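Supplied in structure tokens, the structure appears directly below.
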Amino acid sequence: MSKKLVIDTDGVADDVRAISLAIQHPDVEVLAITTVIGCVNVTQATANVARTLRANGLETDSIPIYRGAAEPLIGNNHDPTHEAHFFGEDGIGGKPEEFPSVEYNDFNAAVEDVHAASALIKLFREHKGEAILVCLGPLTNVALALKLEPEFASWPKSVHVMGGNLFGAGNVKSYSTAEFNFSNDPEAAHIVIEKMKVPLTVVPWECFLFPSVDSTVDFHAHLELDAPLAKFFSTATSVGRAALEPSGVQYAYCDEITMASAICPNVILEKRELRGTVELHGSITRGQLALDWTERLWSDVFLASGKFCDKRPKITFVEKYDIPLLDKMIREAVLNSAKPQSE
Amino acid sequence: MSKKLVIDTDGVADDVRAISLAIQHPDVEVLAITTVIGCVNVTQATANVARTLRANGLETDSIPIYRGAAEPLIGNNHDPTHEAHFFGEDGIGGKPEEFPSVEYNDFNAAVEDVHAASALIKLFREHKGEAILVCLGPLTNVALALKLEPEFASWPKSVHVMGGNLFGAGNVKSYSTAEFNFSNDPEAAHIVIEKMKVPLTVVPWECFLFPSVDSTVDFHAHLELDAPLAKFFSTATSVGRAALEPSGVQYAYCDEITMASAICPNVILEKRELRGTVELHGSITRGQLALDWTERLWSDVFLASGKFCDKRPKITFVEKYDIPLLDKMIREAVLNSAKPQSE
Amino acid sequence: MSKKLVIDTDGVADDVRAISLAIQHPDVEVLAITTVIGCVNVTQATANVARTLRANGLETDSIPIYRGAAEPLIGNNHDPTHEAHFFGEDGIGGKPEEFPSVEYNDFNAAVEDVHAASALIKLFREHKGEAILVCLGPLTNVALALKLEPEFASWPKSVHVMGGNLFGAGNVKSYSTAEFNFSNDPEAAHIVIEKMKVPLTVVPWECFLFPSVDSTVDFHAHLELDAPLAKFFSTATSVGRAALEPSGVQYAYCDEITMASAICPNVILEKRELRGTVELHGSITRGQLALDWTERLWSDVFLASGKFCDKRPKITFVEKYDIPLLDKMIREAVLNSAKPQSE
Amino acid sequence: MSKKLVIDTDGVADDVRAISLAIQHPDVEVLAITTVIGCVNVTQATANVARTLRANGLETDSIPIYRGAAEPLIGNNHDPTHEAHFFGEDGIGGKPEEFPSVEYNDFNAAVEDVHAASALIKLFREHKGEAILVCLGPLTNVALALKLEPEFASWPKSVHVMGGNLFGAGNVKSYSTAEFNFSNDPEAAHIVIEKMKVPLTVVPWECFLFPSVDSTVDFHAHLELDAPLAKFFSTATSVGRAALEPSGVQYAYCDEITMASAICPNVILEKRELRGTVELHGSITRGQLALDWTERLWSDVFLASGKFCDKRPKITFVEKYDIPLLDKMIREAVLNSAKPQSE
């Protein structure tokens, strides 16, 4: 039986790889893709998803795309969309003429008059307990769905989030300990972390920070394969790879880990369960995941001390993943894109 | 040539071991000890230091004790002094009749009419660039010294702080990511971290959290030695050892690591340099060290992006320390206390 | 030509009087009423609105009711709904058997499957520039509408909000400077204040605080009239009047001022235009309106100093209103309820 | 019997007038003047005080000056000292050659090696319950005194503070609701407001904001008198008067009200007692006085509701002062400066 996935995304380079991983996987059915402002605006994100479908050999209406939030709930002071130096102007390399070249209709590919938040509610109401939600961008759409329909909290089979941090390491700027997706909409992240009542897996950005520097895997090898997705991924990651080249750091996986954790749980080698929430009020920590490490050490010892509280649900954090396995999954997705599509 | 140390302390169990380590070390001269409110009030902290001197075979006036802050600059909402379930009512086991039994004069052992902050200014002005400051409690006294005399920032040879965190792990309660010393006076920690202009070594509490669970060293062995400090340490740690016993966790080192890093730098096996500051405004992260991990990955790559800032001084964090070496140092201090004192 | 109004309300005593004022006014057409959690939960708020329609001699489906947010976006720590000591358990006196007695269908009176936020978007899209939005409760529904459809910001003719403060005076508890509606959903208030692009009139709670103590008007007189609304208002305000009685303070107007400002602008005697926003991050000021008084004094003098910023839209604050005129409007509404309804 | 005053000041135009008011008053003895960073740095503030003594016909050592904090405890992001456009580069008109022309020794006029905070402790310990503390600048010195000696809280007869706000009106910049003195050192203001245990009178900046626009008093008349202080005040206020001139706003009183409230209580026409504290954590409200208006209305009614708390001491806010009386006091001080000094 195939896994049913709904993907929420801001449609940049890592996202299109993660989306393609799902589309090309033989055991996965992508029910819908919802788009959100993140590294690029929501119109661009929508167009990128449409182009990704075409890169995968699909029609742009083969999987319904729902356009979502054009702005965060509150947001941050700093410009949330300026990551062009790493992802290119359009978030996927800034080369609209490359395969598959951008089409005018990509920008209108979304289902008309249905907001992503409404679509999420409708989809998971129809597939209660059986569809998985994979979140690759800021969590604005999911938070709006929870606010419009609090019962949404119990409907997904599980939720897999790329974002946040396990060790307080930020990646937006020096004076912030927030990860990009959480930083862009801290309130949305707070709502999702606090309200979801189904198993929640978070891939914190330290998954990328720590191992990516040392890994012996050649993260760029699959870009040389003779397949449509190899060309597209090469374009999508071109700006980031060029930016990283001087330092010898490879362009590694990130959103792809999250997608893999939803499709193939044994890609997770080490995980850690902690309770926590998203800090909203810090001047530097706004958007950071604030976790309860006290419980881990002391829950058996100091139950009576009032020092810890076990009311909040636990979050499962991915600490280490099987890099070669994920790389193999990516390669297979790329190779699969060269075969005729049946979906 | 011996190292000159000034020790600022809240005088609880870990502190008295760390202080004794310095007193008993052949190459260390302790110029003075200053006391501060922390796990116990400042009067108790002062008495505990006096008793510690006696446990080391010294007169209580052999090393000048200066009494400092009776309250934090602003403090936190939760009661800062209630750690009796782990340290005992007096912070060192709650057994006043045990060796060396508490004397009335212990509570009046401090130099009269000189506040610890004034003493710090005077001491380091006299020993510019040659005395080391070791901080084992909340940083209120040091912050006051910096505010009364901004040039104090350049006078110590180096500063070694037990407190704060490297990975956002708190140890006070579930809804806080602050470490105890920083949590008790976040503004003081902020001032010290931001203002000191000499090498600053921080022993974050994760040094205790992560390795202490797995270590194969017997942290309790030295308590069985036939020496005055063995008796005193056994008393001082008795409540904590009993509290931890059911979970099989040993009562390990903490403030002792900080003292060792000042006396014998090769006790540090791994360290990490990061810039950062203390968050003052978070609802959960107030008092947490908020560090800049972005620079580490991107400093060579994205200098032009404006994402990071290299203006703040770097903090040296101890990540791993040589547990057997520190344990050996403690044992030697204990054994040394059985020999006649010459100081 | 009649004024078209849409009313968003948490359905407690002041709200039902304000709603009735609109219903009974000869020049007003109430297009719809949307409900939100506030002093009571959203189901109770919905039922109270239905009962209010019946008290006004209308069928419960004569004006469409849309049920909205069951919880705030983020909310506050303190229980947002416990105002029973002032408004009664149901928010309108806690006497379900009184006229018009509560009916089971009151709780199901809302239009099915259309969230208040969606209804607001649909209504104001249809009546662009001609319908007025009157907000009598927390601003959750309006904020959700703005987030689902950013263009909503330009569609109302004007927006009239009961809530917030002009002088930093709170009314929820000692350690908060927030007014009740803003305190219950600070983020929603922030979004509405920052995003609306049409004239925004705010009736701050100081309108109630300052004059209500001194006024010579008999605020209770209309409760003695021989008319259906007199009975209903008497029930709805009974708990509050009893609570205030010992101190000699009358139960005066509040939400009614806001409604009057929308229907009959000359009820406003003094107003003040200031720019500002809603503080989200203070420990005591969270939810307070933080206003720019600097501009008022210095805009002509210190334009070059960089001290002030004129980018944000101005808010019109009601400072003084015509108490006798409003009282007359209420009396007329009550008397009108005794006449046969034509609507 | 004369009133004993200690004045803490940042030494700008308003301060020198207030200080002169005290010096020239027949019933006042100024025990000492302490200086603090504020509109100008602490060295300049010290020199300005020395020059003020000379303008009053005194030797610079006739009243001991103690130099205090060179920086706030934590401070704000914005530059705290840049008010040159209103006060001149030196804070008193920027005309060093004018009467009395600046002397080199003005900058060294402070008592050597005694910090203002230490001096405050010493002075009020000697004059327990009989000396009044008048604070005209940021409260850093007073906060340090309280932290070094908590008993200081009970030693002044009363404390009179220029600073903070009663109605949430800021005067530093558009995006702040803090008054200048409190904004420059919010933590210090917090400490003084929360910790002082003697009667505390606050002159909020709204005392200046509201009446100064309408007043019919000629605030500039005394500058034309034939007396030393007229010349000096004319210089000290010259930049501010020129800045205000285009808008027709007069340069009115501010710090002078605070001084008058200490010397001659009947200058206060209306006052209001409220409990409150200084918000430290808001993004816009940091430094604002957050007051408890709830108690005023409801203390008699809702004691049981838990809504308010009466634990904190009350602050007396000056709401209206006797403008003609204060103006007369200033004029008399100016005229008195033309007579031979006996002090």
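Order of writing sets the chain letters: A, B, C and D. Residues in each chain are counted from 1.
We adopt the following convention: contacts are C-beta pairs under 8 Å (C-beta built on N, C-alpha and C of every residue); 3 or more make two chains touch, one makes a residue touch a chain.
Listed by chain with UniProt protein names: A, B, C, D = IU_nuc_hydro domain-containing protein.
Keep in mind it's a predicted model, so treat the numbers as computed, not measured.
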| item | value |
| --- | --- |
| Chain whose Cα centroid lies at the greatest distance from that of subunit B | C |
| Comparison of B-D and C-D (more C-beta pairs in contact) | C-D |
| Computed distance of Cα centres, subunit C from subunit B, in Å | 55 |
| Centroid distance [mean C-alpha coordinates] between subunit D and subunit B, Å | 40 |
| Shared-contact residues (touching 2 or more other chains) in subunit C | 280-281, 283 |
| Category of the chain touch graph - line, ring, star, complete, other | ring |
| All chain pairs that touch each other | A-B, A-C, B-D, C-D |
| Residue ranges of subunit A touching subunit B (in the complex, touch as defined) | 85, 165-175, 177, 209, 213, 243-244, 246-247, 249, 275, 277, 279-286, 288, 290-295, 297, 300-302, 305-309 |
| For the subunit A and subunit C complex, residues of the former touching the latter | 69-71, 73-74, 115, 117-118, 140, 144, 147-150, 187, 190-191, 280-281 |
